[in-house]
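Shared between the two complexes below is subunit A, which pairs with subunit B and subunit C, respectively.
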Partner chain A sequence: MMQEKVPGGTQEAEGDASMPVAELRSVSKSFGSVLAARDLNLSIRQGEFLSFLGPSGCGKTTALRMLAGFETPTEGEVRIAGEVVNDLPSFRRPVNMVFQSYALFPHLTVAQNIAYGLQQQRPRPTREEVSAKVSEALETVRLAGFEGRRIWEMSGGQQQRVALARAIVNRPRLLLLDEPLAALDRKLRKEMQIELQDLQRSLGITFVLVTHDQEEALSLSDRICVMRGGRIVQIGSPRELYDEPASKYVADFVGTSNFFEGSIASKDGEQAVLKLADGQTMAGTCAPGLSVGDKACVSLRPEQIALENAASDGAHPVTVLNRIFLGEHTEYLVSSETLGNVIVLAPRQAERAGTSYNKGDKAWITWREDAARILLSEQ
Partner chain B sequence: MRIYAFCVYLFLYTPIGIIALFSFNAGRHASQFQGFSVKWYGRALNNPFVMEALENSLMIAFTSAALASIIGTMAAVGLHSMRGPVRAIFDAVIYIAIMIPGIVIGIATLIALVTVFDVVNPWLAGLWADAEAAPQFSMGRGSVIAAHTMFTMALVVVIVRARLSTVEGALMEASADLYAPPWVTFRRITLPLIAPAIFAGFLLAFTFSFDDFIIAFFVAGSETTLPIYIFSSIRRGVTPEINAIGTMVMAASLILLIVAQLILRRDKKT
Partner chain C sequence: MTQRERNWLLLAPAAAWFFVMLILPLSFVFVFSFGERGDAGGYVPAFTFEQYANLPARFAAFKNTLILAPLGTLAAMLIAYPLAYQLAVRTDPKWRLILLVLVIVPFWTSILIRSYAWLFILGGQGIPRLLDFIGIEDVRLIYTPFAVLIGIIYGYLPLMVFPIYVALDRLDKRLLEASADLGARPMTTFFRVTLPMSIPGMATGCMLVFILLMGEFLIPALLGGGKVFFVGNALVDLFLQSRNWAFGSAVAMMLIVVMLVTVTVYMRLIARLNTQRDDDVALM
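The block that comes next holds the complex of A and B.
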């Protein structure tokens, strides 16, 4: 089945929903002496929206390019629909990619760009079939009537949509998106994010997105694969990554967090107590794989810390150092004698209730014990 | 500084201007202008020797430029996907081919061809039952075409390579991603994008071959190209007829060069 690349094969081949669309099995890739990807293991589920998230050079693009067939793994297996495709050239793989630069063919019209993949199908579809599918794809990306336009006549956002249409018109098993929104301005990016998500849901195509923008990954994905230095650090839903990060790296990369370094003093099941350098202790939920004596840190999300104007049990006295208005939130930088500088995010409602603080004000911070996560400090 | 530049241009272009001017001379002496006339153009175009040489030159220029465009483009595309020392060596060799003086190429090609013919011709004669009827290689149009193709191919490679380097690599990947096998990618994406450069290369190769005297002189054998005809006529004295031929050759070459430049420049903008 994989020998003849049949775009549009999704409909017939969906049969076994439990079978992963694509898999990476112990995949490594080195360029000369540089290891770009190490021992990647991942299975991509039918119909999901998966993101590779990480800073530049973390191996996320390499992983995507191995799925597309532009790079061959040095070790391990890439499977698509259950079959090993390591040696299958990209033009035989039932996957399509939206390139970061869009890579639209400048000498072809919009319609010719979109029809390009359809025209390679065997048996060759008729002219009418092609033009009907092209129009439908253009309608899907809200560019109906743009068939005859030239690429350079289109704005960045429109080019982005054409690139998207050119890929989805083939109904690939897997749609790969390499930082597709990076070149757009913030407002347009937001719009396109929503459209991408709608598109993915209505088409039912599996999307694999590469991004360095954690906000984008959090808002779009069903699952996020966080990468660092060529390795997969954690795979999980946005919520899991945010609420239960496996390491300090993930907690730091996905969202912002306050970290308090120390070592684990005692552990009871999931609960553990961390002893800070100055001897004070902090309790919290412990990430798996940690044991007593390990160097670890407590991670506290800024929005899970409450800023109060009166002392209560277990509250830490602080001085407000700075206040930044962020619209729906206000970010406070406070300083505690015992904990150092702490970032607190207060919702607007709190401010309306009259608990607003200015630079130099005295206040107290508290948090619920289950909001504190104890993580391995690996940096 | 301005006067200096003016003098340089004067020095460069006065002889050419005089040739063009005297080609319209009504009199038959090169040194005295005796009124305007285009009769020498008519005379030149009616001269069977001139026409034969012109036909040879056009045929040689067209064939060698076409061959150079095809082979040069293939070489450029091949080199483009190469990396490392192989590519560096080939690049160097191609630039050297352009910088080597024509006379060296002429002599080298002559020696190489004579050597090859000396080996191949007796061998061919041996293959045929009747040695007299066996095909034999000799100097002529073929050898001039071969020599010109070899040299002008380097020009085409350089021009096409320059264009290829501006074509985004992701376009080829996108084509492969859209199920196009390498050949289809070449035909539908790469070739249309580099076509202006290939055409410009063809025009330059044509001009070069059409104007070339040195290499052709060495390897043409008994064949006469237009520059060779001009050279041999000059030995009998410069006539207005020669001036007319020279002016026509110059005009044709200039037009081709300008067209090639326009294509390359417009190409850069898009």
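The block that comes next holds the complex of A and C.
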């Protein structure tokens, strides 16, 4: 064997921060006639918190399972640390998964569950090393002292933590989480979301989370990968997805939005004008890939619409139909003769300033033109 | 009717059955075992321990039963496990039902007929003749303990396959994925997850087969040819042939005692196996 010391380091993946932890390249997966994943392209960055978001059945779990090694892609390449791993069985991948229903071993204690992965390492760690790491992992998930417990003696939330500890104790390159919080009640879910985020930051492990809960994805992720019908429809930071959705589907799935349907009448660079069915026009920022004549819609976020008590230039007269108090905000459902029903979110300050409306009141809605986004309306 | 009364009413049929079919005959056997044989056979009331003192005369039957029943149970389990595993884990669900039915098909014909088939296969015109053909001479299979063992395994296999199949079928397949995900090779996954999780099924199967084997008489009668006899054969002989009901009852009582002891020990063992903690992380 030739031994040559290369100055400036080798091409080792470990230290190279720019090398993606994992990649999907033109990955497709079909189960018989069902195309569960179609042409997925994704590069997962070192240390990020990435979420797969989409409705049930859109292929999120399938994508995750291909990274874990439980499914082999029908087409394309899965890479981990730069190497193609399509045929690498899951037990050889530096990846760990937190299963949707935890999949804890019922015949083992909490400590034995957590030790399981460590015991598979070669060279085999000593009993003391395993013991110490298990205790440390249990402390991390705030379950110190539960070592000897049986799985069935633990609550759902505690089982969730054990599942997490069992995965992170192995310090995987990539931690995959398949709807880990779906089975928890709302309050516990909020708590665990915060803990997950803290954990990810303190451990520096790359997290890939699957969820159908947009709120969860928005609050936890550095980047979100929105999926639909087996395809990735948009990848971006929560802010990008919210402010610059690429399609009506994304705008609708990520947050709430008002949509006004029509077709593009004119376009000038990023700016375009949409002609609604009744002939009126609305201007806005146009998503890429649209051209004059396309069926499109204007998307307006409820908080970007202002409710005013006096007419101004370009304001639409409306009647207040409903008012829901949401704490920091008040949600109004208003009806416009030309635009139909519109949801408006007014901040609390507006109410304090004395501009509050009741059912039946007349008012006007306005918005800044750059808040309106023109998107492909194919639903 | 109060809840209590209703509970009793619901229990009544089972209790009646239990009394008529178990307690009552058992009481007769118990009483008979202290009696004497009449001149023309049957039973003459008495109170003597003579029959129990006579038990060593049937030592061979107890010995055969206590060797071949556990051995047969073990062998049946070793054969049934891979079969059940194949069916529950590896087989496409489409084929599963058909294959399961194939496992029980032999049950559709009488054990008598099926054992006769073995009588032929193991007899002079069967396997020994084939062996003779390729130069291995003078092999005797029929009327040996081996023949009885073969018959036992064959007859009781389905009874063993089913409980194990059910245990493996119920095993959450995600546990196997979790094990692989944590870095365990398929072999490790089998020994650390699949096997421990199927212990209850194996225990049930063994219990079923073992208890039934303790009373078996047909297979040893046919394939053992009077040379390899079980306690069951001794009982048939004593009650139906020599009509020595008193001694037969003592043998039956002894069989019950042996069975109670072995089953109790067995259950203790299984219970301990189930709660046993993994050595590696013991006491953590």
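In the analysis below, the second predicted complex is superposed on the first by the 366 of 379 C-alpha atoms of A that agree within 3 Å, B and C clash if a C-alpha of one lies under 4 Å from a C-alpha of the other, contacts with A are read in each partner's own complex, and residues count from 1 in each chain.
We take it that a contact is a pair of C-beta atoms (placed from the backbone, for glycine too) under 8 Å apart; a residue touches a chain by one contact, two chains touch by 3 or more.
In this text the structure is predicted, and so the values were computed from the model without any measurement.
When both complexes are superposed on subunit A, subunit B and subunit C end up clashing with one another.
With both structures placed on the common chain, the touch criterion links A:A183 to neither subunit B nor subunit C.
Look at A:T109: by the touch rule set out above, it reaches subunit C but stays clear of subunit B.
Of the two partner chains, neither subunit B nor subunit C is touched by A:A265.
After overlaying the two complexes on the shared chain, residue contacts for A:M19 are found with neither subunit B nor subunit C.
Of the two partners subunit B and subunit C, it is C that touches the larger number of subunit A residues. Applying the stated contact rule after C-alpha superposition, one finds that A:R127 touches subunit C and leaves subunit B untouched.
Using the contact criterion defined above for the overlaid structures, shared-chain residue A:P89 touches subunit B and also reaches subunit C. Residues 68-70, 89-92, 95-97, 99, 101, 103-107, 116-117, 120-121, 166, 170 of subunit A lie at the contact with subunit B in one complex and at the contact with subunit C in the other.
Those residues of subunit B that touch subunit A in the shared complex are 168, 170-171, 173-182, 184, 188-189, 192-193, 270.
Within the complex formed with subunit C, the residues of subunit A that make contact are 68-70, 89-92, 95-97, 99, 101, 103-109, 111-112, 115-117, 119-121, 127, 130-131, 134, 147-148, 166, 170.
Across the complex, subunit C meets subunit A through its residues 172, 174-175, 177-186, 188, 192-193, 196-197, 277-278, 280-281, 283-284. On the subunit A side of its complex with subunit B, the touching residues are 5, 7, 68-70, 89-92, 95-97, 99-101, 103-107, 116-117, 120-121, 152, 166, 170.
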